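Each structure below is given as structure tokens.
Common to both upcoming complexes is chain A, partnered first by chain B, then by chain C.
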Partner chain A sequence: MSQTGTLMGFVHRRRRGAELFLLVLALAVGIGAYAAVGLGLEGQVPADIVGYGGWLTALIVAAHVTVRIVAPYADPVLLPLVAALNGFGLAILRRLDITYEALGDPHTFARQQLVWMTVGVVLFIVTLVLMRDHRVLQRFTYTAGLAGIVLLILPFLPLIGREINGARIWINVAGFSFQPGEVAKVMLVIAFSGYLVLHRDALALAGRRVVFVDLPRGRDLGPIMAMFGISMMILVLQNDLGSSLLFFGLFLAMLYVATERPGWLVVGAALFGAGALAAYTFVDNVQNRFNFWLHPLDYYDDSPGSFQLVEALFGQGWGGLIGRGFGDGFPERVPFAYSDFIISTIGEELGLTAVMAIVLCYGLIVERALRIALISRDGFGKLMAVGLGAIFALQVFVVIGGVTGLIPLTGLTTPFLSYGGSSLVANWVVIALLLRISDQARRPAPRLDPVDDSAADSEHTQVVKLR
Partner chain B sequence: MNKPIRVVAVFCLVLFMALLVNSTYLMYVRAGDLAEDPRNRRILTATYSRERGAILVGDEAIARSVPSNDKYRFQRTYSEPFKYAHVTGYFSYFSSTGVERSQNSVLSGDDSRLFVTRLVDMLSNGDPKGGNVQLTLDAAAQDAAWNGLEALPGDAEGAVVALEPTTGRVLAMASTPSYDPNVLASHDFGAVSEASERLNEDPREPLVNRAISTTLPPGSTFKLVTAAAAIESGDYDADSMVPGGFRYQLPQSSTTIGNWDGGNCGGRRITMTQALQVSCNVSFLSLANELGTEAMADQAEAFGFNSTSLEDLPGQAPSLYPRDMDAPQTAMSGIGQSSVTATPLQMAMVAAAIANDGDVMRPYVVEEVRAPNLSVLDRTDPETISKAISSSTADELTEMMVATVDSGTASPAQIPGIDVAGKTGTAESTADRPPYAWFVAFAPADDPQVAVAVLVQSSDTSPDEIGGGALGGPIAKAVMEAVMEAVINR
Partner chain C sequence: MSELTLFLIRVAFLAILWIFVLSAISVIRSDMFGARVPETARGGAPAGRKGNGKPKKPRRGAPTHLLVVEGDNPGTRAELADAPLLIGRGSDAAIKLDDDYVSTRHARVGASGDEWFVEDLGSTNGTYVGPVRITQPTTIGVGVQVRVGKTILELRK
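Right, the complex of A and B next:
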């Protein structure tokens, strides 16, 4: 593909100026929202707007400068999208902090989230600086896979594993709570990419055709069955339908892209359907969530009931097209308005308009990720970009779909908006990985000089070999 | 690998489109339904903080919102709380009743008829204001009804309903004991829930609007329905001879029923007029038995039994005439006993239908809906629900009722110089409770302007027809006089 591009004489431009311009807009969103929160709830621009805005600007500028230096050809749209979402999320958290404090339940979600964002940006920079080529990750295929699975198992271990709100997805080390699943998903994307890029031919070519669908060979079902087992384990043991769907959906999407065979989708969808049906039959929690989804208003007063979902629906309905405005809604009526239900907070106070803008931002992130996958020159990079994009798409769909009543509610964070350090940091690293892959993909293809073959460095030779 | 990536892209596009469509559905299409859910506290708090329209009787605002210096901004106040409590209802943070509830969309300003006002408010950045509701009630009639009930001896529980026969307008509606809606509308929610709990647990049930929600055996006032069924059958008129005598033996039973005074109603065969005049149980037991359950039930339903008719005030209980009664029960139903129950409103509708040539009008309490600037947005049109009896039957019944007031049991309702048509009733419940006294009447008999029903429940009522008339008659008379005086003065 890259050859095609160069043969046609098309060279990607760096577009760092465009990124800077978009980042200014993104900062305007973040800082503007912060000011609007102050105006709406306290009647004045917050006193710390300069410090806050300065800090946010410093982080974004640092990220931008890093990209300029170490990944000059990276996609110019991703960073501004993420900066806007993160800044906006901080403003929403600040808005909730003020109300919680007024109710005598003080939190500092916004402040903590800003600290986590700082950590996230630092890791973003570190990732970009240290990892000059994403293909080094391919060496760690099995290590990453093992790490991913260990991370998923950690919450079950005694002493460090913790159950919060009925889902056993947390560990607690030295006073810090952490959701290892957020890191595990990055690890698993790396592991899947490495594994699939090597075995895609075997998975793709062997098999037989049954009624228009190419079904894979029995012996090739091993990995998919293993992944299925892990997903079901998460579902049953951790009581976490969202993560389960996320991991399995991610794996299926990557498997399909690697093998180009829809047969895998059929097998996978059938497996997950059967698993979900079994879970519905045997696990009360899953059954409850299904019922709450179909008839939310009937379980309002029950315990466990649909109070949270119904309050979120009431809030969003009340928000309507343009919302109530900051401070004129009652987002605090929804439990966990600052994490899983942050979309209902936005819907209530800023309306359908803002929710659509948010969904479009996520859509653009996914679009950029898939575009990177399309233009990437190596299979590993393609698969990683697809995987990272699929995580975003699935996670956003599952959590926003759940909060708006489209699908049964499951607990997942809304990337970059929800309060939560693990998620925020992991997602910044995901963006760093995507930027690194896109930098490789958009970089002008190395000129091959057949005469001076010995002078070509090993890295460039690799590019040619792999493609 | 690019082909499946494109497929994945399309799939993601579908997912995000689904999110956008569903959000639009939730926040635009479904928002209205969600807003109407009574558990939606957001809506409550918002409407609670709005300048609510007034409820008017005549020129007086009996319920209005005045500015308050707290976060809810407006305090609902009721100027004559006890007298009008059961019509206005109350408007608290937790719930609402009466007109406050049925006309909530107008009073809160959300009604579609107030669209233009709302638009102007929005464009001028003014606070939305609610529309006003003008009631059909007549202040003088309501005073008479309320004072009459208040003046009853002992801890009387009772209700009065007065209707304008030709339209169905409710001219008076009062119920005792009553309560103070100001207490429930307070912004001190702790005090509100305390008061609400106290009112709910009060054995005398002050929150119940007895005029429309309490169903009790209508007793002898139901003889009007029996007489109507008899005349409508074609076999009887006012002068037809019907059985009298001391006792009536119920069909398929050895039980016998006597008359309220132990007398023989004036003979073994008497005219139907006389039977109504002296409220002769034997005659009407016999008539009901002869007419049968079907004919009796049809007649009762034509007057509005077994259904509800009041649409702009919540809480109307249907008055019942069951169709599955056996022969002795049917006979007993002829004198308003056994399983027959009626609300005061229903009995007022029976009287009003007789007064209105047999046409049953839909009762209503909301006369007009007005914008905040008092321009009339909507006016309730009188509606005929059914033709209960023919015009000639109505005339005959009217004559019989006039005779009952002139020289029968209903004499306490006599008004000098005016023909009043009326009927008393005393219904028995259990032996240890005093009977219920009923009184229905309308006047003037030749050009009816008001029909009224009075129920006195649990007072020191003597268990006879005179007793019923003695308690209910003066109240009915006072209400009718108040209405006719207002008509003359108009």
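Right, the complex of A and C next:
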């Protein structure tokens, strides 16, 4: 967390005009994709494009106006990136809905996703309006940690807990399914940053050196290890491989950034290796995933088989450089084309060109988060921005890496693209938090108690001793 | 709809997508290099002074150095001309303190125009201006006591 030369070196501009310009382009991406889906599948521009486009525009304009009023110095690129990804995702879901309907299995993924997006944008606005300074969150370090753990436990409770597709990560309240883990993620980032910002010097400097690594004292590391250990245990019990990977990476990234000790990466890699080996030996599921990854075609016909992954790989291969075009691919052959495998749908119908653009968008989101961390003036904001950026980076790497066959497949949602209300809402709040931190960071340094010239010139000014 | 039309639609959409991504990158680029440096800030920064050839003559009553007035290293001083000044236990600090309650990179003193600021760098025990623990860059004048750990520093003329 070294701070180099940003102290009052230059003043950031507000850049709200640039944000508006990018938002117009983002809307063109979202609505253009929707129109292209209609043209490709039904041969005409969809009848509801005015209503749909109007709704999307209204949401984006509302978000933009809020940022203009309550966070005028916030980063200009984050909101447009998110708007474009979300709009694009909606169009892809619409495209899948049409095919599912033709196959006699009607879904309304796009419509539901639009409702969730509305909820997400409303919470985005509420977060920005109510929270004028992200540092108040530091007061809730332990509360946030506890809340995160409680949220993770919720799916185990009888009545409201639900098990879907072998993972017990859902709760069902009043007819709505929700994944509390998505919110827990944000809570744990707040808890980790609040704890680490107070204890990072103790963690980095006090302690003994064992082999290559300076091990911190138990009382410094204890609380955070407890938080981390409990959440990992819960995730393992829930059989949620993707999320455990995400939390592990998040924890490691934040510890590394807070203490500036590369030793943590060595320890983390060793722990990860040991954990992966243990999981490979004892958990059938993990063994299967490794086998599917190494030899996808061998397990095509098995019952927990690699059918889905192979179809996704075929689809992406068939899509080639610029894809088959909307309506000319067969994304419905992949059972989870609307959630985990949405990237393969994009790869099939719009090709590598679009997938690269999407990956680049995520890369820019992460870059912005790290940039916010660099220019932020307080340690808590820095750590929080790093943590939130790390969530995006890890999530996108794990899921896109899995779908493209780079790493063994683990289920996680693709932020803003995949169908899934909890993830969408939580991610909109994450973006609101990042914008709030960046607004604080880019704002010109406040001039507190300006020194009165006459008083400064006077030799007789006495300073009252305070100790 | 003909094959060609569909192809053109697809290419047009991909073009829009990439125009968006490239515009976002260009906004980021202009954000990085195009930030406006206000004249006042430039006047206070060392780089700006070098540009002028000779250091600006300090205004009467303006502080010239930062002095440790109480603590383990009393009398340690650093010239404000070298600002921004780092205070801490680390070897790269302009004012190196042997105080156990001071962090490696504890605080920094820098200028904005004619005003001097002290900024906490996320230290463990905090930086105090008077009785208040500071959370953001805070202006300090001559004789205002800044406490880091058990050490007290002051701007002096």
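Throughout what follows, the second predicted complex is superposed on the first by the 411 of 467 C-alpha atoms of A that agree within 3 Å, B and C clash if a C-alpha of one lies under 4 Å from a C-alpha of the other, contacts with A are read in each partner's own complex, and residues count from 1 in each chain.
By our rule, a residue touches a chain if its C-beta (ideal position, glycine included) is under 8 Å from a C-beta of that chain, and two chains touch if they have at least 3 such contacts.
Not measured: the values here are computed from a predicted model.
Of the two partners, chain B and chain C, it is C that touches more residues of chain A. Judged by the touch definition given at the top, the superposed model places A:Gly275 against neither chain B nor chain C. In the superposition on chain A, A:Gly315 makes contact with chain B only, not with chain C.
Contact with neither chain B nor chain C is seen for A:Pro408 once the two complexes are overlaid on the shared chain.
Contacts of A:Lys382 after superposition on the shared chain: both chain B and chain C are touched. Legend: residue contacts after superposition of the two complexes on their common chain; A:Phe397 is shown touching chain B, with no touch to chain C.
Contacts of A:Ala373 after superposition on the shared chain: chain B is touched, whereas chain C is not. Of the two partner chains placed by superposition, only chain C is touched by A:Phe21; chain B is not. Judged by the touch definition given at the top, the superposed model places A:Leu352 against chain B, while chain C stays out of reach.
Shared-chain residue A:Gly87: touches no atom of chain B or chain C.
Within chain A, the residues touched by chain B in the first complex and by chain C in the second are 1, 351, 360, 367, 379, 382. On the chain C side of its complex with chain A, the touching residues are 1, 5-7, 9-14, 16-21, 23-25, 27-28, 30-31, 34-38, 41, 45, 60-61, 84, 103-105, 108, 110-112, 115, 117, 119-124, 130-131, 135-145, 147, 152, 154. On chain A, the positions that touch chain B within their shared complex are 1, 253, 256-258, 260, 297, 300, 310, 313-321, 329-330, 333, 347, 351-352, 355-356, 359-360, 362-363, 366-367, 370, 373-374, 379, 382-383, 386, 389-390, 393-394, 396-397, 400-401, 404-406.
Touching chain C in their complex are the following residues of chain A: 1-3, 5, 7-13, 15, 18, 21-22, 25-26, 28-29, 32-33, 36, 39-40, 43, 76-77, 80-81, 84, 88, 135, 197-202, 204-205, 322-323, 325-328, 350-351, 353-354, 357, 360-361, 364, 367-368, 377-380, 382, 445-451, 453, 455-457, 461, 463, 465-467.
Residues 1-9, 12-13, 15-16, 18-20, 22-24, 26-28, 30-35, 37, 39-43, 45-46 of chain B are the ones touching chain A in the complex.
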